[in-house]
Amino acid sequence: MTSEVQKAGRPVALLTRQESFSAAHRLWADSLSDAENRALYGPCANEYGHGHDYVLEVTVKGAIDPATGMVINLTDLRDAMRELVVSHVDHHHLNHDVAICKGLNPTTENLAVLFWDRLGTRFPGLLDEVRLRETPKNWVVYRGERT
Amino acid sequence: MTSEVQKAGRPVALLTRQESFSAAHRLWADSLSDAENRALYGPCANEYGHGHDYVLEVTVKGAIDPATGMVINLTDLRDAMRELVVSHVDHHHLNHDVAICKGLNPTTENLAVLFWDRLGTRFPGLLDEVRLRETPKNWVVYRGERT
Amino acid sequence: MTSEVQKAGRPVALLTRQESFSAAHRLWADSLSDAENRALYGPCANEYGHGHDYVLEVTVKGAIDPATGMVINLTDLRDAMRELVVSHVDHHHLNHDVAICKGLNPTTENLAVLFWDRLGTRFPGLLDEVRLRETPKNWVVYRGERT
Amino acid sequence: MTSEVQKAGRPVALLTRQESFSAAHRLWADSLSDAENRALYGPCANEYGHGHDYVLEVTVKGAIDPATGMVINLTDLRDAMRELVVSHVDHHHLNHDVAICKGLNPTTENLAVLFWDRLGTRFPGLLDEVRLRETPKNWVVYRGERT
Amino acid sequence: MTSEVQKAGRPVALLTRQESFSAAHRLWADSLSDAENRALYGPCANEYGHGHDYVLEVTVKGAIDPATGMVINLTDLRDAMRELVVSHVDHHHLNHDVAICKGLNPTTENLAVLFWDRLGTRFPGLLDEVRLRETPKNWVVYRGERT
Amino acid sequence: MTSEVQKAGRPVALLTRQESFSAAHRLWADSLSDAENRALYGPCANEYGHGHDYVLEVTVKGAIDPATGMVINLTDLRDAMRELVVSHVDHHHLNHDVAICKGLNPTTENLAVLFWDRLGTRFPGLLDEVRLRETPKNWVVYRGERT
């Protein structure tokens, strides 16, 4: 027997998974002077860095497969987040020993774009949003949009 | 006296209410073989099911009524969620003793669509989004979109 | 050295900050009779008011500045929220001793519009969304849209 | 068949229920001068009051009844909290229209003691702890102890 | 160099780890009649069960080892919780396909005692408290105490 | 007028305040070899450190002052936490540029003891508990107890 909800075409839904990682970082722009960096970033520019329990939320959007009742398998989304992002940054210092962050000023904005670019290669056409929470009080969303 | 915010036309806002329910479910597609089901759904396909404290968040969107300062009365939204959804599924097993889920493979995606269809009859033209959180780490959003 | 994510144009991201305040309020429409107010708002119309720990989340949207890696400086967003909203309403009764709420029926919808209007003067063209959580179970989003 | 955990005597456990209510209050000691009140309580002494979404957590402690597997029935604890506390204070101003708070300076400490005294009459010898959260960042615990 | 905090004897601290699991259950006492069960447990006695996202918090108490700065290694606590509890119950129905729950009426109280007994064998003399959250609004604590 | 709850002696209550800070740290015991450190602490021993959004909860216990209705003024507790702890560690690397952590292996256990010792000088005889949450899934409590 088939439920009513599966009869009238294919609904399009958004599926989100949350993972977390703990990392250190320092905000520092190589193109700016020391004084400019300290004025711009305040204590976030302290030399040895500080850290966060980052929360990463990744959303894919697509038609619900009538055979499985899923957009994609949640375990595939979880595994991609762990393999392409979390395993690289968790328990590391983003400015010093993370290859995928080399040369990057690790603001939340730049990290969200980086993670989008990496995850987009795994889910072409499905990625809808990357949300990166730096603290419980501030976060960034990136949806692949460019000027 | 009338505030400035009520003078310049009618602002359009989104109002969201959160309710929760506790239910058991098993992921199982009748169209697939036993082996396929177990490969696809893993432990979610265990015979007797498992369960969640589901969190349901429903958003309506509309102009703020200048007489009341509300999009709709929050108690109407709350009551509809309880009457049309929560009272049917709370403390039940979605595969076995829930009439509105009969024939449905209770993935989070399918449930979100089902709940949208039920709530849409109560708030025609107002429903904006149904968000169903299966666990604190994964959730589905459905906005009535179809391919 | 410049990271790949900074090479291909300017990504557009959304930055959100969360602040909170504790206030009392009473829902009451001057244009309605006492009986109508009590029927419409129920216990929210009780004479002396009640209160909430409101949570305010403000989102700005813009291109990430390649020099700073930021949409805007998070401290500017935080300071604007505190100066233009929180300092006016925190530890006050919205119906009685808050100048910016004078004449306003303090529903969550009306407050969200008021806060949008105030913050929009500080961040012209950047404000994307104001989310005001009245309790953990209900909240309003306003995006500057009008009918 | 009886599980091992039910064989060796009667384990003593603690059962906690959480309820919430929204109320306004003003901190004000009748025994102090106006200036003293304002110096002591700061913005909490503002004339019309402010408010909170209070969270009340009540713990009972007792032997697990081998017939039921429960310390007491959770629904009895929930009902007592609603009847003896929440129904009196929810959506009211603690200084003005709450009979059980008459004459009380509604600090979190005084409220916790008041709620303990009321709930203790329902669960004599069982009440272990009353925890009252005024905001997510401060709370009071009272365990019936006196100097 | 040694910090002041490590000089004056060995401080005794409590270390807690949180894990979670999703399971179905039905409250049912074999010693009671059908009518008694339904009167006592209400909807929790529905035939096919319902479910929760249980949160398990386990606390060990002991002196901080001056060589390591730890009570015990947090990974040992985490691994024990997963091996002795979570792996047995996660994504299962506690009444039907969980060997360690065989014959147990799966109230939160009984589960907390069961988990304490299992974890105590791994950390003799160190276990301080098992806290099992059935929903965000009710939980049980067991500290090994018996009448 | 005096409420009933203030008549029968002086109730003893516990008052808790929560503050947070973001810091980097590396677990490393100077008394152990490199290999031992890496075996013991795993990724927590990575050279440049990682980080957390620490949550600090401090509890004082005392009689409620009948004149004020408070154990101590919450603002005094908040200010002490900020002055004696948060201002020293927030946005710093605990191993490199925090004077109060000099020589300390910054495990959560050691930090909790350090913070207790500092706060105890401000609230002699009143401090009841320091709870330090390293991540949402693990935390340490210290109550001044020593072997």
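What to note about this one:
First chain written, first letter: the chains are A, B, C, D, E and F, and each begins at residue 1.
Keep this in mind: a contact is a pair of C-beta atoms (placed from the backbone, for glycine too) under 8 Å apart; a residue touches a chain by one contact, two chains touch by 3 or more.
No experiment lies behind these values; they were computed from the predicted model shown.
Taking the definition of touch as given, a chain qualifies here only if it contacts subunit B and subunit D alike; those chains are C, E.
Look at where the CA atoms of subunit C average out and do the same for subunit F: the two points lie 33 Å apart. Mean C-alpha positions place subunit E and subunit F at a centre distance of 26 Å. Shown for subunit A are the residues in touch with two or more other chains, namely 136. Every pair of chains meeting the touch criterion is listed here: A-B, A-C, A-F, B-C, B-E, C-D, D-E, D-F, E-F.
Partner subunit A is touched in their complex by these residues of subunit B: 27, 29-32, 40, 42, 101-110, 112-114, 117, 136-147. By the touch criterion given at the top, residues 20, 22-25, 43-44, 46-53, 90-93, 95-97, 135-136 of subunit A touch subunit F in their complex. The residues of subunit E lying in touch with subunit F in their complex are 1-6, 8-19, 59, 63-64, 67-71, 73-75.
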